[in-house]
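A short worksheet on the structure shown next.
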Amino acid sequence: GSAAAGELLDKIKAGETIRVGFSNEVPWAYPGDNNEPLGFVNAITIDILKKMGTTKIEPVVTEWGSLIPGLQAGRFDIITGGMYILPERCRNALFTEPLGTFADALLVPKGNPEDLHSFDDVRDKELMFVTGAGYNTVKNAKNVGIADDKIMQVAGPAEILQAVKAGRAAAGSGTYFTMKEFADKDEAVELADPFTPPVIDGYPGLAFLPNQQEEVDAFNAALKDYIGSEEMMKSVEPYGYSKANLPDGTPTAELCKG
Amino acid sequence: MGIGFMNEFALGFSVAALFKGAAVTLFVTTGASIVAIVLGLAVGLVRVSTLAPLRWLAVAYIEFFRGTSMLVQLYWWFFVLPIFGLSLSPWTVAIVGVGMNVSGYGAELVRAAIQSVDRGQYEASTALNFPRLTMMRRIIVPQAIRGMLPPWGNLLIELLKGTSLIFFITITELTTASKLAADATGNYLLFFAVALFGYYLIARAIITPLVRWLERRFSRGFIREAVA
Amino acid sequence: MSDPMVRFENVTKRYGALTVLDQLNLDIERNEKVSIIGPSGSGKTTVLRMLMTLERINDGVIWVDGEPLTHMDRNGTLVKASERHLRRVRGKIGMVFQHFNLFPHMTALQNCMEAPVSVLGLPRDEAESRASELLDMVGLGDKKGHFPIQMSGGQKQRVAIARALAMRPKVMLFDEVTSALDPELVGEVLNVIRNLGAEHDLTMLMVTHQMGFAREFSDRVCFFYGGKIAEQGPPDKLFNDPDSDRTRQFLSAVLEAG
Amino acid sequence: MSIWDWEYVWEAMPYLLQGAIVTVQATFIGFAIALVLGLVFALIRQSQNRIISGTMAEIIEFIRSTPLLLQIFFVYFVGPQFGIVIPAWTAGIGVLGIHYAAYCSECYRAGIENVDGGQWEACTALNLSMARAWRVIILPQAIPPIVPSLGNYFIGMFKDTPILAAIAILEMLQQAKNFGAENYRYIEAITMAGALYLLFSLVASVIVQMISLWLNRRYHLQ
Amino acid sequence: MSDPMVRFENVTKRYGALTVLDQLNLDIERNEKVSIIGPSGSGKTTVLRMLMTLERINDGVIWVDGEPLTHMDRNGTLVKASERHLRRVRGKIGMVFQHFNLFPHMTALQNCMEAPVSVLGLPRDEAESRASELLDMVGLGDKKGHFPIQMSGGQKQRVAIARALAMRPKVMLFDEVTSALDPELVGEVLNVIRNLGAEHDLTMLMVTHQMGFAREFSDRVCFFYGGKIAEQGPPDKLFNDPDSDRTRQFLSAVLEAG
């Protein structure tokens, strides 16, 4: 069940095993071939946890859509999937301060045949739009007025790529990183350029259970001097995280107000 | 960078991952089969007991586990039960969840097999004054087992296939492994074909022969060859 | 003592609306051999099945060896029999079925040993010697290790007789024990029954379509018609000049067929 | 946050029912395919030609012993690799249909083999043609007894529809999950989905029983 | 023309290793009534089934009405019969089975109409009148609308006879048509057959255990033993002083049973 206040912090200090939950989101957080936690959010988490006292990490891989229920069900202690800090999420989980700022991107077939440059274009042309089940993008798409039956919700990034390649959807959206990755390695797709995202940048944070304020405070303390440090960049650069992505100082409290 | 560098090695790695997945599938299948067989037999026997209340309990059990889909049950075990304070490990949920779901069907097989034993056998047992339990143990069940083995074979194959759902409770078994591998390499044909064949192999090279062997053992007195 | 081995006292049996046996009264003396004949559906089998407690009776009392079978005497009044009581009285009765009902998963010997061991609690070796004696008696000394499926109908039926005798019953019931047999196998079974009658103190009650045998073998023949005893008496009387036309009619039909 | 909140139940209901429609549609279309294709499989399986019937048997075995989820993945993802794009709905229902056709064919087979051999002999003795014998004598006796087991597969297929979510078809369970994902409340949605599945399958089994009774009376079988 | 209605010429039938019929030679003249008797397993049924083409033969030729049944004459040499040829010749033969094999989902009338309509292509009304004539003839004028389950064994068997006759066969085969019947129902069926023999030009071949009937009804009796005709001749000869001991043995066994 959900841990009592402070319990998790004690476990970390005592060097016990901490379970981190994430889904297969390259390069944010994804499992290696032995299920080891890869991706920059995991890298950051590992560094922080080391500072706080434990190096024992147990990765738990699940669908993006199952991250929050997994946390609520006590399947893992921290969500390291790289969830954006959003008001409605704040009501069900506690977030640390942002780990960076990131934009969403729009993935389209080579040559952008439909000439799409924003969600509004997708809406106006009444085209099929694909994104991950439980992504904040779903809400964004609905907000700009794309019809429910035009929004295809799939399990993860790989399905987004497949849907666009196969022409099941005219465009797909996910985080800039992930989509860029696809555009680079697969010549059948590219990023819509220019692209005006429906919302300004997203701010990912680590998510805890609502009653774990102590833990979050501890993490924030540790994050303060870690963010932007040499140590951090060494861990995250292999995944394509550059200084440009460092947080712009917007506090979590504000993001939660929305 | 990123997964860019992964690609070259992905194939090799993924094949290894695929084997791990197969191992997981085999492990869970075995565990769940044991659960299903034990519970199935128990509930099935209760289902034909002479005590009405016991029978009703068995009926409720059977109807519940056959009534909802395995996936829904797994979700419930894994994501909902903990909120009521009972948190089982993914492996426990996989083995118990899949096993209990199948045991519902198994119990029905047991019931059907027992009730399909020739009425004459019951009458002969009464005429020879057997107590009910002795009759069940010595006369009816030995004959029923033979009748229920083939359907159990099919059921265990169902169970094997059912384990492909435990991905939804964070366990990477054969289907998921092949999916991840295919996603990483983009070669869906290769990895899905391999996975399909893997399941076929487990079913045809392990489960089916096992059941056939049991059938032969229990066929004494039913088939000429078997006793010649 | 003087009371009959079996007594049916106003016994009535119904299946739903259909009254199969109507106020039946029938006494059978110790060691008496009684044959029951009559058209299909007249209730012959039902008589035996009630006596074997395979069917509940709706009304009346059945007495076996001086005590009530379907009821028990509780200080003067007859109350429904308990399972214990039923099993004690039932022990005095043995039955042979039209379709043998041998246990297919046991050899001839095991068929004859099972009940003595697990019901009477005889030691295995004693049960075995008793069983093989009986199998010798029915002329199957060489078939002890055979399974039912390996035997002819006539052989199966003889095993069934041995199996029933192994329980040392005082009353033996035979329900058309030869009508599932090929004609040339009928003789061997009838011979066994014949000897049984001659050599053992057994009360025998048999339903049969073998008029020839009924005539030669039995002390008394009962002709059933529509759930009643239409006529009964010594075979010669009943076969040569029956009182009722029903009997005459039936006999001529059957003999024409033979 | 409270464990159970009826607010969320009422909020979720519209989504669930929306999904329920998809689920029911998928089940009916899929099963129609299964019934027809299954009979075809069964008849091929009965072929006198060893090779034909043997191959058919092996194909049926293969379909039956590999997971539906994987089969759906295969059709959905491998096609595009070679430029063949089957719409999710078509792929999903098609695979459902074929998968269960394999099962139905086994039912048909059981039914056909349970028809007393004497019926075939009578047909020969009366010189009936093969086709006529099948259509007028054998199948009318073979099918009514297997309606209950066909019914079980109907319900089985109904309960397999959640797998369609894997290829982004918004059936009931997926709706429940999405609702959960957007509101971060899973218990109510998932539990209600479960309840609906239970309800539907109970109703279905009653209907199946009625059909089978009617058929048996119609054809005067026991 | 002079050639027999049915001729078995060196016909051999094997089931795997077991030779069921060994070089059988048997001629049956037009309108001759032949009974086949013999112990179980001697091949009686097989003879009829081969003639009805329900069993393939391994060797020899069967002639019906002067033309080969299992083969056809292609410029001088006999080759395997085609389906068309088989169906034409088969049309001359009708068969009645031990277990009736009525179509359970059709009424008595429909049972007798199905084949005439769909095989002979008779118009329905003609088929219907023919069927009901025949049902009247077998004494079931009042049962035309009944389904098999609603009839007694004797009635079912009479329907089966009518059904076979509706195809206007020249040869009728009867395989133990009374041995699945209750004794008092046997008479009604035998009567039908008796009249059939008297009133129609039919060649009849029947396997029976009813010695009385065989004796009174048939022109010739064949005693089968182990796949061969051990003895044959006019009933009186064969029943009164048979040549072979086998025959004597068998007869005594059967008569003792009756």
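Residue numbering begins at 1 within each chain, and the chains themselves are lettered A, B, C, D and E in the order written.
By definition in this document, a contact is a pair of C-beta atoms (placed from the backbone, for glycine too) under 8 Å apart; a residue touches a chain by one contact, two chains touch by 3 or more.
On a predicted model such as this, the values are computed, not experimentally measured, just so you know.
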Lowest number of touching-chain links that must be crossed from chain B to chain D: 1
Distance-maximising chain from chain B - centres being C-alpha averages: E
More contacts between chains, A-D or B-C: B-C
Between chain A and chain D, centroid-to-centroid distance (C-alpha), Å: 38
Centre-of-Cα separation between chain B and chain A, whole angstrom: 37
Centre distance in Å when chain A and chain C are each reduced to the mean of their C-alpha atoms: 83
Whole-Å separation of chain centres (CA-atom averages), chain C against chain D: 52
Multi-partner residues of chain B (each touching 2 or more other chains): 79-80, 83, 186
Multi-chain contact sites of chain A, meaning residues that touch two or more partners: 66, 69, 72
In chain C, residues with contacts to at least two other chains: none
Every chain pair in contact, whichever chains are involved: A-B, A-D, B-C, B-D, C-E, D-E
List of chain A residues in touch with chain D within their complex: 65-66, 68-69, 72, 88-89, 91-93, 130, 133-134, 138-139, 152-155, 159, 162-163, 165-168, 210
Complex interface listing, chain C residues touching chain B: 52-54, 87, 90-91, 93-95, 97, 99-107, 114-115, 118-119, 147-150, 163-164, 167
List of chain B residues in touch with chain C within their complex: 118, 120-121, 123-124, 126-131, 134, 138-139, 142-143, 146, 220-224, 227
Touching residues on chain C, where the partner in the complex is chain E: 39-40, 178, 182-187, 190, 209-210, 212, 250, 253-254, 256-258
Complex contacts: residues of chain B adjacent to chain A: 1-4, 7, 13-14, 16-17, 78-83, 85, 87, 90, 168-170, 172, 180, 183, 186
